[in-house]
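My questions all concern the structure below.
Labels A, B and C are assigned to the chains in the order they are written; within every chain, residues are numbered from 1.
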Amino acid sequence: MLAVEVEATVGGMDLRVKLPAHPGATVIVGPNGAGKTTLLKCLLGVIPPRRGRIELCGEQLYCSEQRIDVPVGHRQLGYVPQHGALFPHMTVLGNVGFGVRGRKAARDDQAMALLSELGIAHLARRRGRSLSGGEAQRVALCRALAIAPRALLLDEPTAGLDADARPEIRRFLVDRLAKLAIPRVVVSHDLEDARALGGRVVVLESGRVTQVGTVADLQQRPATPFIERFAGTAQPMPRP
Amino acid sequence: MAGLLFAFMVLPVVALWVTLKVDDLLAGIADPRVVPALKLSLVTTFLSLAIIIILGTPLAWLLAQRDGRLTRLVETVVRLPVVMPPAVAGIALLLAFGREGIVGSWLGRIGWSIPFSTAAVVMAQIFVSAPFYLQAAASAFRAIDRDQLIVATTLGASPARVFFRVGLPLCASSLTAGAAMSWARALGEFGATLMFAGNLSGTTQTLTLAVYTTFQSDMRAAQAISLVLVSVAFTLLLVLIFRARGTTEGHP
Amino acid sequence: MIFAAASLTDVFTAVATDFEVAHPDIDVKVSFAGSQSLRTQIEQGARPQLFASANARHMDALRRRGLAAEPVIFAYNTMVIVVPAKNPAGITSVEDLPRAERIVLAGEAVPAGSYAERVLLKARSVYGADFASRINASIVSREPNVRAVLQKVVLGEADAAIVYASDARAAGTRVGVISIPRGLNVMASYPIAAVTGASGSPLGQQYMDYLLSTAGAATLERFGFSAARP
């Protein structure tokens, strides 16, 4: 369960977001500059909100009233940034093992097990900088999962991938994320992502939530012209 | 037209080599000032480089992490020695660390005296050459993808671990290039050293000061020492450049 | 263009100003540096109209290579000990010199440096080898010209230095001056000569004539030199 209520001002943009507790996937969509990434960074603890409250599974990560602000490294949140942001100088194994505690051999074993589980064990010896966009995304997810996160935050996981790789990564994500019993927050500007990942869709425009609902809700009852355009450009719902 | 500047820059270097007879070169190198000066130059420049790297890398990292008015002020201040004429740097160092300087008079009371010592040579070199390293390091650190640092932090890495495992290796080749620039500047340091540290063979007379001193009495010897200086600088720069290239080509 | 020894900085600037007042159509440029640097520059092709050296050695070297005409001695100078105004080492005579923790001299190739060495050599024969070795141990720098030596004393970085009497006078109250007895002192003579192959030599001759005139002599005396003539 992730409940969020934050106010933050970053670079002249005023963000006020209130999201009721939700156990599963939350897909945040919105135009560029709407504050999607800022919201993600507030959750991570990288950007300090002006005031508000972030609660994860009953624990306060942030609360301005009680002056609680759990440091980034102690929030135990898995973060998959845009384009993966792998450590280019390390091997894939080194990337995935980075957050694992313990001795080098134990870290490597655990990282290797995770890579195998995600079906990318063959990449283990490759350097971070030598991977394709799709491979980098998979490794980045694997790296985030290595710390046994209590929630997972993904920023534009399919952005910048070529058209062939995108559905493949989307399938991979849907497949993996569905198995997780933790809250997932995915920032996207792609309706396909939102539909595939299921759960609730939160529309953010100019720092404010303009609609919360399923993809079908957005298509049938768009609350703003942006949502109408956004939902309208997508393919019609596939028939079951 | 395009080659004019190149020719202008190459000609003096060529002249330095071709106008000296081998006998004069050997006689110049045999000058009793050469060996102590070469030794002093190498010891002091590497000592100042080590200090710059040890103290400058964390400072550059800090400057790259922040973006406030104070950061910009600090950055401007540490860049000042670049635009400061060496003589001005020498006077400034004397006024700060000289016998009657702000800090120097205080150090004098506990029996420390900096001017005319090898320490003064190192200090003059650090003062004029640190900006080159700091600037290279700060811009390299700034060019790091912020997300990589954020990810490392979310993975539970301490600030020190983020710095040593992610920031530092990512910038290794830029830092090497900055260190090379800074070292070359320290090797060529002249004005501030002369004013602040003086000119005594074996203690404060670096290769550049030896060139200047010999030039006053024996042009050929000065030229021979210049060749020693240029050879040392070129060799070490080449080594650094090739090593830096080696690391980047290793993992493109 | 005139090349003049660093110790002539103040007096030649004054003489040049006076000369320009007397000859409003002439613009005099003087370049000051250690005599040995100026000599090297002339050897490397610089062609000033006049060269005023702080000793005969550098002038003679140029003469031998045919680069200078017959020189004329125009001034004499003597050496003095200068100490910072506060005189931290408490030096009052040549004999006190070993008390100085830090002594600064001009480089051996600089005339002021070789004159200072000659003073110390004479002092050694009077006060002994120990005197000389203690002084040698206190020498912390060999400056490229006599003005740099003086500056180190003015700044209080050196406890004592040996410079020209004229330089000591230029520093005024910023330094204490201790005279060196005639028996230990040396007389520095300043030769001036036309440089061979320089253009616009009439200016050089006019300037030299002015320097050797009564007016020139008065200016030299005012700056602590002894005029050689008239």
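The criterion applied here is as follows: contacts are C-beta pairs under 8 Å (C-beta built on N, C-alpha and C of every residue); 3 or more make two chains touch, one makes a residue touch a chain.
Small disclaimer: the values here were computed from a predicted structure and weren't measured.
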Core chain by centroid distance, with centroids computed from Cα atoms only: B
Most remote chain, CA-based centroid, reference being subunit B: A
Centre-to-centre distance between subunit C and subunit A (centres being mean Cα positions), rounded to whole Å: 79
Whole-Å separation of chain centres (CA-atom averages), subunit B against subunit C: 35
Distance between the centres, which are taken as Cα means, of subunit B and subunit A, whole angstrom: 46
Two or more partner chains touched - positions in subunit A: none
Subunit C residues counted as touching two or more neighbouring chains: none
List of subunit B residues in touch with subunit C within their complex: 94, 98-100, 113, 115-116, 194-195, 197-201, 203-204, 212-213, 215-217, 219
Subunit C residues within the subunit B interface of the complex: 34, 36-37, 40, 43-44, 102, 104, 107-110, 139-144, 148, 152, 155-157
Subunit B residues touching subunit A - in the complex, by the definition given at the top: 145, 147-148, 150-158, 165-166, 169-170, 251-252
Subunit B contact footprint on subunit A (complex, rising order): 41, 44, 46, 72-79, 81-83, 85-89, 98-99, 101, 127, 129-130, 140, 143-144, 146-147
